[in-house]
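Below you'll find the structure I mean.
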Amino acid sequence: MATTSRIEVRQNGPLAAIREFLAKVLADEEIASVMAVSNVRGAMMPTVVTDPEKLSAVDPFAPAFHLNAARQVARLTRGEMEGHMAAVLRPCEIRAFTELVKLNQGSPHNIVLIGVDCYGAYASRDYHAMTRANGSKSPDERTLEFMGKAPSGGLEDPAATPPVAQACRVCEHPSPEGADIILGLFGADASKEMWAIAKTPTGEGLLNRLGLPDADSLEARDRAVEEMAARRLAALEIMNAQTAEKISTPEKMADYLADCVNCYNCRVACPVCYCKECVFVTDVFEHEPWQYQGWARKKGALRVPVDTMFYHLTRLAHSSTACVGCGQCSNACPNDIPVMEMFRLVGGRTQAAFGYEAGRDPDEPQPLSVFLEKELAEVTGGVD
Amino acid sequence: MKYAYYPGCSLSETAKEFDVSTRKALARLGVELAEIPDWTCCGASAAEAVSELLSLALPGRNLALAGRELPGLDVLAPCSACYLNLLRVEKKTERDPDARRRIDEALSVQNLALPGTMRVRHLLDALVNDVGLPAIAEKVVSPLEGLKAAPYYGCQILRPYAEFDDPERPRTMALVLEALGAEPLDWRLSATCCGASLMASKKEAALPLVGNILRAARDAGADVVATVCPLCQMNLEAYQSEADPKGPVPLTVAYLPQLMGLAFGMDPEEVMFGKNMAVAPGFLAGAPALA
Amino acid sequence: MATSVKNPAPQDEASRNLKAIREMVAACMQCGTCTASCPNYPSMDLAPRRLWRLAVMGLTEDIFASRTFLLCSNCYACTLRCPRGLPLTEAMAALKRMAAARETKWGGRKTQFYRTFLDNVRRWGRVQETDMMMRYFLDMKDPLLPLRYTPLGFRLLRKGKIGPPHSAQSGRLAGLFEKVKEMEARP
Amino acid sequence: MTATYDALVVGAGVAGIRSALDLAGTGQKVALIDHSPHLGGLLVQLDKQFPTDNCGMCKMLPLTERESSSQFCMRKGLFHSNIDILLSTRLESLEGDPGQFHAVLRKHASFVDPTRCIGCGKCAEVCPVEVKSEFNAGLEARGAAHLPVPQAIPNHYVVDLDNCVRCWRCYDACPTKAIDFKFAERESFNILVADPDPQTTADLAEWLKKQKFPIEGPVDGNSVLERAAEGKDVRLLILDMSLSDVSPERVLSRCLELNARLPVILTGTPEQAEAARLLEQGALAFVEKPLDRAKFVPWLDKLYMRIVSDEIIEIDAAAVVLAGGFSCYDPSEVADVLGYGRSPGVVTSLELERLVSSTGPKGRGLLRPDGRPARRIAWLQCVGSRDLKKKADFCSSICCMISIKEANMVRRLTAEQEGGPAETTIFSMDLRVFGKPFQSYLDEAKASGTRFIRSRIHSIIPDPADPGAVRVEYLDDAGVLQVESFDLFVLGVGARPPAGMNELARAAGIETNEWGFCKTMPFEPARTSRLGVFAAGSFSGPRDISESLVMADAAALGASRLVNIYAPLRERRPQPEPEFRDVTRERPRVFVAVCSSCPMVESRLDTDALTRRLRAMSGVTGVALVDRACTSQGWDRIIDKAREVDPNRVVIGACMPYAYVPRLHELGKALNLNPALMDVCDVATLTALGGDDGEGTDSEVFSRLRMSVAKLLGADPRPTAQARPASPVALVAGGGLAGLTAALAVADHGYEVHLVEEREELGGLAMNIRRTLDGEDPVKHVELLIDQAGKHPNIRIHTDSRVALHLGRAGRFFSVVNTPDGPVPVEHGAAVLATGGVESKLYEWGFRVHKNVMTQQELEQRLADGTVDTAGLNAVAMIQCWRSRDEERNYCSRVCCQQAVKNVLELKRRRPELPVFVFYRDIMTYGFMEHFYTEARRTGAQFIRFSPDNPPAMEHRDGKTIVSAFDPVLGRNVEVHADLLALASGIEPADHSEIAEMFGVEMDEHGFLKEAEYKWRPVASTKYGVFVCGLAKGPANMEESIAQAQAAAQRAVRMLHEKHLASGAVVAEVRHSLCSLCGKCIEVCPYEARRLSPTMDKIQVDELLCQGCGSCAAVCPNSATILRGYSDRQVLSVIDAALEETV
């Protein structure tokens, strides 16, 4: 796309610049609201902002990622809308939203996706510990501190205190490729400038109307993105190898999931788990007392809650083709089960089997909704 | 068993050995041959190329003679071309009364007319269907054991009228050879054309055909190619060095009744092997029956 | 061969004479079985399939300019295999006859062999092969031709397979030949 | 006893099955017989069909009765309560008149009791016989005891007595004593010998001692007569021709008078020629004397087995449908040079189908005879077709497409091989791709790499250089002789009348046509020469599946029309719709009945323990062991026991679930319980398969029964909703030949029909045709139809009218017809669209500019009305495929070649010497029309082939048209100066956009109305309840249009017949409260039964379209979509039950 603009950062720093930029966006006649993470009562949560004044609390660069907002965006766009909403999202949120659009859960028509170059975020637990330990710093200060440390990649070292979340350390998609406009940080000196890069005609139209100065070369950013992706892919490979070993047999997998209490938080946190009501809370799994007795009789000792493994396998079956690797499942687990690791491994392999990549392309049909005669030749032996 | 015998021109000149061996072999089988008196040329393949009526009237004359002089007998012709020419008269007049009328009109200059019914037979037909294989086997005194014989039928006894054998994959001669104790070969060119009279008129067209046949017979391991047609015999025996210059030694080519004679214990000279133009050295001495 | 055929099947005399042959092969569907079955196809200048096409279209001159039909050795393979059941070998013979008639009228030696042969039959009643070949060589007026058959001649002679003519049936067929000629001359 | 049916269908191939289903679907009782021991005819051997390259037979499932059969694959079998299937059965005679036929059937014994056979295969293992397997096209051997096809359900072994060597090993090997050669009954099989020579009797007594046949004799003629008169028990009479006191003829006739079925064997010397006459009079056989013990004894013993085991079945039927199919030409039956039978690398197309099939001969596959992979495969078309020498002056119509399909299959199968897919080459003359989707199929095959060579290979010989391969020579288009080698050479064998055609024709009293196929009547393509007897499928000529099914529907329509006329003569009791008690609020009470007579149950099962364990199951309130559940007494015992327990769920453990399922209805009535709450569980197979010692059988059987119990415990007890009957009215749009035919056919069934025609006159395009190729007068026929329609009490004709509104769904449509007299509302259950096509008129090549240029149809008319005078013509040119089969209209118009041939013949009839030139691409005179093409060629008309990239050029000069084109055979250009040029302009669809939108049906890429499925549902549109036929659906000649119209009428009648538009019990439903509307289920539904509601807030399921396949339920992540009768809970607990016994 042709349009790349420069967002000048003056002495008030990058947050002020981005708020100013979003104010311009909100002022655009087509845009009715801006959705972005804001400081709401001390917590960093997505907000839909219509009052320019309220943009002062917006902080899309905050290293906190309490929920993947794709579900909220989907809900907000499903059905009639007045005007357009500009949503500032992380790459994995955009990719999850793309999946939800394919599943008819949201609509891409009345939304402008503004993706931020994403250095990652802390796991919620770490973020809270940090805020508790460091209460004196303002949220803005914390963000700026993070923006200072992140570009070196040092926060991706597990030894960092704290490092960014495991999911972010293995995220090979730091650049929000599916956005209409990318808020470019990578390779930029955030104290001087950022970039607004239009990726779609919609983005280009909006950006042109904002009247920002043109940017120079984006070479530095391209280089930075490439380096990050390579680094993270390497980390991903190591993680996958380790996970594969951990869940290589049903027995080992049961060990892996031993701490699961069937709270289903991972499912609630998952942006692409889109069912209105999960089958695991429907009558299907309302077992009769005699059934429990029977199972207990058979095994001698029956772990309750039951169906734990079944639950995770089912979720892998249902969602691994759409998994974008945002890591919210692990983030939500009260017992620190590495759910994300399992999904990235299985999801990666299932998606590869169908030549599919979740969130890559809104026009790419989901694997199970199409039937190709020659797919899965390694399973069918190429004979149908 | 008695036939009106039509030897044809070749058998009375260049293919005397065919005539002699046929007569002797059939005599041994108790078959009587009464030569049609005063027979004349059937027109060969030339008459048809000049005059249709002549191509019917020439063989017609011989059938008329047979009908008058040897009434009731089937006409036996060993030569393929003669057989076809005579048979064509039989077939054409069967379904075309006008053809009969025209032939009769032409023959009327010699006070001849076609007989009411005609039955033209080929030597092989008579051997297999009248004499029968058991009767042939019965007369064998020196079985041609171990002799690999490639039956060569040529064309005109098989086509266009498939009277007694499969026109593409004939087998009657193989059966006779088998009855003689020889080992008939199943080879692919047993019913393909040898070039026939093209050898005289367009030699360069006929030579490759002969070459193919000789090579195929050799490849199949033949000790002898058995024929039932003077033209086939001549083409296959007389042009070996020209058609297949690479062929190592002459490949023996012999008339079927000559081989019958040998199996019936006759001396090779009795069936005129001396007239054959391609006899591999040692052929007559090789197989026990031929010793 | 000309590049284009104008008005195939013209109504001239020559092509009218082809009528019988055209009728013989009219049902041809040009499948090519005849050509592929023909042992002499490699020596032919026109594929039989194309020859029949020319006949159907009445292109007489093209047909008689070729020697394809003279190379027919009467093996009947095409007749046997033609899926339409057409009498192709007979049609070849008919072309030979037409050619012979044309040559009798306008000269030419393509069909000389057949004519010499029949002349021999007419003269002797039974074919006298030595006499026939000698005359053929003479008729062909080709000094080199006999040489091609000389070795064979010696071998035949040596084997006692050829000799002077027998005269027993000599002239026996002259009347028949005359009668046939007379009958064929009728309109 | 004589059973009474509405219709008898002879031949249970795909067409017979279709006809039977058609008739059964409109409530008629059908006897479906086939001479072979399996259903499905030729199709059991073919895995894939063109042009979809898959099987697709399941697309016919909507025609079956799903509630009672849980049927899922049509290749496996057929289950319908209105259809009685008799296999190994032949029609022996057919007496009587339409409405009251009396048929005698002979059912050949299989010697295997299907109720006992457990399919273990031990009999086949021990059978020493090796004969060619019919199923694998002779590529594999089978025993006399064998399984006819591997995939049938139920599937029993049979003994083929003709090939049996009487070693009895199978008898000994059968673990369930299912094989019965009637050894014991021999002792009561009295053989009477009437032979003056006492030695005969003595010999027979000696020879047959071992068999213990009671032999009596010698007796003289008078005593035979006495005994016959006394009714003494004689089972077989051996009658010698030398009998002197009474003539053998008299003995025979008298004996047969008294007992028509008495088997009489004649003996005598060969010279006793009168035997032949006696055979005609009813003697069974003639045996030459002296009797040869080695031959006579086995022969007599087999004869005995036939006599006591074969059944003669007599039935009454109102109508008969013959669906005898066709057989494949056997290239070995005549002398041939194609190497078939000599070179193992030469195979028939049927054999190739088997070679590439997963159930093909073991160890073969797509290999050369020497075991190397076949990489070069060629097909030769027209083997046994279009060959006067083989008495086949017809085109088999299907082989071109079959070969293309096989090439596709081969390429797909070998795609992964090193070097990519195998090379595929098809040798043909004309490529007859005349079906609507066929041209694009051919184009695709060309694009995918299959080579097409125009040549008819005459001989195939072993490759001298490579013994595993074969070599061919052919002329290429340039006239150059090519030599090529192939690893496999496939002979595209043509169609021939079915084996036994003469006997069938004689038995059915029908005439055959010149080529031995069934003769049919002009404009009545499904009618045979005998009134009341109809021809379905390929019985009257080779056809592909699509057209065979059309013919099957048309034949069924003919039969049902007849049944309908005679219905008042027959007692027809409508079955009252049963209503069952509502057990929704009851706690589940399961009753389990286990048959204790299944062959192995007693020896291998601890029945007490089983009963105990079952009783211990939660929800099980009663368990009973029942003796011989398959008999009616056994069944009564089940009912009695069940009454005691008063269950609301019933499990029956027995053999053969498919046999019991229909009987559950009975039980349902007796217990006032919905059969959906019952299940039959196969325990017989399990007991048999449990290894030789029966190890593990107990737990296997228990586990299986437990699964059934679990399934029923989770079953949804809610009664299925009752639906309203269909409106008994049909709307037919289009008043041409197809519309009129369809309207009359529906109206004859007693339903009201509204026939809507846009124009002021009925008749359509057919009124422009003067004569058909067969010489019939179409106008007269159409005028007759118009007259009949006008007088028909059930038909309302609206001319100058249009359908203005169309709403609703199958069974309940509402339309408004705008007539000159104002709008007419019509409530109707079905619609038939016969809105026709047009002869395309494209204004190029001088059409409408030069008056000597016209369409073929105009030429026909102008020849008829004299405005073209042949006397003034010097030459006529015709150009075929004018705008057909090109990018723009990529289909063959199929009628134009027929039309051209017709015009050629007419021109030549009038002026034999008139030069006529036809420029063509492929002459599409498929089927018996080939004969007319041969005729046209014979008249001397010249056919000049052109290729689409070098079409004929044209020039107009001095009132003449000069057409020039390259003649590939001549190798040069041909220039024709024609006085008249006829263009084969082809068939184009009428403008259907309005009607398509109105009726909600789709159009295909050419603008014709689209079939729901080209192959299997050829007259169904994409909307349920709306049918298409005639030119509206695609190019067709008149006979084809008529057949399609009748087929469409048949489908409509079936729809109108629905008393309740209920769907099967197993249909999907959506639990809207759980549904996230992701739409995955819509995408995966193969029957297009799902859609998003117009308000966009619900996924809707059309219960009539839904076939219960479960794809939606599988794709739905949270079971918002469920399959009625297969809830998750149910399935999970069934799995649970299955795993219970495992560790």
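For reference, chains read A, B, C and D in written order, and residue numbers begin at 1 within each chain.
Please note the rule applied: a residue touches a chain if its C-beta (ideal position, glycine included) is under 8 Å from a C-beta of that chain, and two chains touch if they have at least 3 such contacts.
Small disclaimer: the values here were computed from a predicted structure and weren't measured.
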When contacts are scored as defined above, which chain pair ends up with more C-beta pairs, A-D or B-D? A-D
Closest chain to global C-alpha mean, per-chain Cα centroids: D
Separation of mean Cα positions, chain D and chain B [Å, integer]: 54
Taking each chain's mean CA coordinate, chain A and chain B are separated, in whole Å, by 95
Please tell me the distance, in whole Å, between the geometric centres of chain A and chain C computed from their C-alpha atoms. 91
Provide the list of chain A residues touching at least two other chains, using ranges where the numbers run on. none
Listing for chain D: what residues touch at least two other chains? 337, 459
Multi-partner residues in chain C (2 or more other chains touched) are 42
Tell me, which pairs of chains are in touch? A-D, B-C, B-D, C-D
Interfacial residue positions of chain C with respect to chain D in the complex: 1-9, 22-23, 26-33, 35-37, 41-42, 47, 49-50, 53-54, 56-57, 81-85
Spell out the part of chain A that touches chain D in their complex, as residue ranges. 103-105, 274-279, 282-284, 286, 288, 290-291, 294-295, 298, 318-319, 366, 368-371, 377, 382-383
Looking at the complex, which residues from chain B come into contact with chain D? 162, 166-169, 188, 219
Residue positions on chain B within touch of chain C in the complex are 9-10, 12-16, 38-41, 43-55, 57-58, 61, 102, 105-110, 155-156, 158-160, 162, 167-168, 192-193, 195-198, 200-206, 208-209, 238-239, 274-275, 277
Applying the document's contact rule, which stretches of chain D touch chain C when the two form their complex? 337, 382, 386-390, 429, 455-459, 473-475, 479, 481, 875, 915, 917, 934, 937-940, 942-943, 945, 964, 967, 969-977
